[in-house]
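Worksheet: one structure, shown below.
In order of appearance the chains are A, B and C, and numbering begins at 1 in each one.
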Amino acid sequence: MVKTNPGRFFEDYSVGQVLPHAVPRTVTEGERGLYHALYPARHALYSSDEFARACGLQESPIDDLAAFHVVFGKTVPDISLNAVANLGYAEGRWLLPVYASDTLRSVSEVIGVKQNSNGKTGVVWVRTRGLNQLDEVVMEYVRWVMVRKANPDAPAPETVVPELKKVLEPSDLAIPEGLDFSNYDFGLAGEPHRWGDYEIGETIDHVDGVTVEEAEHMLATRLWQNTAKVHFDLTFRPDGRLIYGGHVISMARTLSFNGLANAQMIVGLNGGAHANPCFAGDTIKAWSEVLDKAETGVPGVGAIRLRLVATKGGEPFALKNEDGRYQPNVLLDLDYWALMPI
Amino acid sequence: MVKTNPGRFFEDYSVGQVLPHAVPRTVTEGERGLYHALYPARHALYSSDEFARACGLQESPIDDLAAFHVVFGKTVPDISLNAVANLGYAEGRWLLPVYASDTLRSVSEVIGVKQNSNGKTGVVWVRTRGLNQLDEVVMEYVRWVMVRKANPDAPAPETVVPELKKVLEPSDLAIPEGLDFSNYDFGLAGEPHRWGDYEIGETIDHVDGVTVEEAEHMLATRLWQNTAKVHFDLTFRPDGRLIYGGHVISMARTLSFNGLANAQMIVGLNGGAHANPCFAGDTIKAWSEVLDKAETGVPGVGAIRLRLVATKGGEPFALKNEDGRYQPNVLLDLDYWALMPI
Amino acid sequence: MVKTNPGRFFEDYSVGQVLPHAVPRTVTEGERGLYHALYPARHALYSSDEFARACGLQESPIDDLAAFHVVFGKTVPDISLNAVANLGYAEGRWLLPVYASDTLRSVSEVIGVKQNSNGKTGVVWVRTRGLNQLDEVVMEYVRWVMVRKANPDAPAPETVVPELKKVLEPSDLAIPEGLDFSNYDFGLAGEPHRWGDYEIGETIDHVDGVTVEEAEHMLATRLWQNTAKVHFDLTFRPDGRLIYGGHVISMARTLSFNGLANAQMIVGLNGGAHANPCFAGDTIKAWSEVLDKAETGVPGVGAIRLRLVATKGGEPFALKNEDGRYQPNVLLDLDYWALMPI
């Protein structure tokens, strides 16, 4: 009997299946330090316990995207080991801050399947939840992937395509208990721009760039216990190890500090596309566009909806060609909600 | 007077010598996080405090091999600074789990010396013990190295070759106090295969591979405070920095998760050979062979003796040529005991 | 309105200005572990909580240079984003050990300005202080940089050149409360040489070398939240990313363990020059010269003033050409005070 994990194929998924993922992970100050070594992370709420306490939290949480990566990484052996493509994200919500010493695990539920017309692949939708040691859901998101069939003759399942929100409503966003920006220190945070200073449609070039290295993206991807071999094994990908899309997300988000230093907490992920692959040697830059703004009902706290685009080369603010396809230098097009002091 | 450490030469060793090594080290969550960034470590007992508690431990220990590297690294300035070759290991035993905030130091005793017939080098055997802040021995092992003589005219010492066990008996293995696999969660651990599912003689190809980078092996080797210049200084090794053998051990062991996810704790090291050197750019893969199985007397806990082979290129399961020499693509041949849920 | 930070130009500084820097940072065991992975750090006081306690401290502090880097990194967006050159350091004093869980922030005061005769640039002197969560000053130093003018027609300010000590007096040095080397364990520390064994004028070749990698210096520089793009963006520096000068300082200081293992604590920075740029692929080595010695009044604790020189290639102990300029292989010339057991 083969002891290694062959991964799941399209015919192995059915709507309603619940997949509890291995391996639980206690996140510590080690992960916190590494996140700041791997990315130019400077958002004050995630850098200083004192700053976080002044905002009503118990201490500085683990970066929201680090929590996402930990939850996501666990799903790889069950969801995307035989995936052909990572097609999209929706309805991502951060429900509780994650602190050092919390232990996270992940569970996914299959919410949609649709065989492709070629009969060789299909699309699988899963809703993944990350839970802490108290079985509280700390975050959840939907993603869909294209997966190969092992047996091309396996019958097509009944098509189920879930209805997903294009954009989370402001009322869908979870504001951490106790969060309070009424004494927010803009000087310590690094920029004077408050929620009221941003206009819908405004674009921001984040200026800074980072040329990425093999060692760095592998350190990051391993830290999240993401085992997909495309990221690690040059004999499997002789043209270059593919950089984990989440590495690009974290790099772009942290680069966006320069211009969005006060977009402190990520609370919603509306959607995202990994437009083109990223390889070591690429120089990642980022720009943002303000898509929407909303009040939250919490004193001092506003929500801002941002498009975050990561690029390699090219000018900022260009996104798609006339035919609607992403330009070849665009790496990422992400749509998220963040919390800002009003 | 020269203030720098010239290292010891063959004539500086005599049987019975006790060498307390510098520098003590407090291991923390920083090391724990780094171990998971440097290696694809996924064994649940070392990833989750909750999982470790469910197995009867106080929390998730530092990885057994990280403890070994810390203990080993301290011996380098006294044992292997002038070593020509690292010849072997024997009688390695992990006696106590190491937890974050423990402080480790190392002491070696010279247990054998044998001058080579060329008169220029000799073999030195040492038994090294790692101790914690309570002066408890957390691990011990024997290794032997070939060391240069500083003065070729120094007289040959009386030959003493220690008697070493080829293989530790199951009764030699220390089972951590309180360890209990009776409620072991195979789902969270990542694989369903229990001790009873493995057969002596069975071989497992661990499938995954990692192409190693200079920055990664140097980060690891420094973290263990191993100062051997062959690993760091390209002007000293113009043909390529030699990767610390322990980096290959940890890489192979963590790759072996895929097929041996439940071989949780390493408790015995029977022997090991660094068959060929490893350099940045090599892609490390691993395969294992079940050499033996034994009961431990502890409810739910079985011992499994494994051969762990690391390779760069080539097919799995090939080890030696007809002349008994290791094939050129074999990096490591390790023989160890691990604990598994029965 | 542009939201990103354009940095300050020469005409934006005036004597007496106080610049509180963003972003505060809680340093943890994550930073501690990373420091030991990034540099061959072996000084026992910073490696072992037990050793630190035996010397009268509460536990092992964060390395003195790590504290410096954290304080320094915060000043980059306000002081050196538009700097042409980092000209010098003076009057650096470490006033309190920094421990894991301390939160640091930085404040600079402008203490001098002098426009250059070309009218396009000027020199700015700042005294920077690092403060902890109790608003205690943990360290301070003066540095001066050459900064561009944004508007060449801006009027020259009145020239103010601060009077700075060439060398700190022994009485300027702060000895941590409780520090006591009377039971100092030279065996655990790694070398037998005490303060009394070093002579003024003595030089030490530290022998070991490290060939530096892109991933490593970027991990380090990001960890200190130093955002200067010259270190990260190869499209901005097509001839090679410039390695942060502090990376060279830490590498040289930790290499100096071999010969100066007992120069435990850095308490004073008299001056320093980054003589030539360092790039990935360079092999850093180091040598030291004993410049002075002094008693401290604290039992068992002596002060030693050291020149620390980092090189890439070339022979040790060569520093300047006959014309007084640094030889091209010299990277760093640092002048500091450290504490040693008498």
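Keep this in mind: contacts are C-beta pairs under 8 Å (C-beta built on N, C-alpha and C of every residue); 3 or more make two chains touch, one makes a residue touch a chain.
It should be emphasised that the depicted structure is a prediction, and the values quoted were computed from it without experimental measurement.
Of all residue numbers used at the contact between chain A and chain C, under half are used by both chains, marking a mostly different-residue interface.
Superposition of chain B on chain C using C-alpha atoms only gives a rotation of 120 degrees, nearest 5.
One finds 36 Å separating the Cα centroids of chain A and chain C.
Within chain B, the positions touching two or more other chains are listed as 28-31, 33-34, 100, 213-216, 219.
Chain C meets chain B in the complex at residues 28-34, 36-44, 47-51, 59-60, 100, 187-191, 193, 197-198, 204-211, 213-216, 219, 258-261, 283, 313.
By the touch criterion given at the top, residues 1, 3-5, 20, 22-26, 28-31, 33-34, 77, 100-101, 103, 105, 133, 213-216, 218-220, 222-223, 225, 227, 229, 232-236, 241 of chain A touch chain B in their complex.
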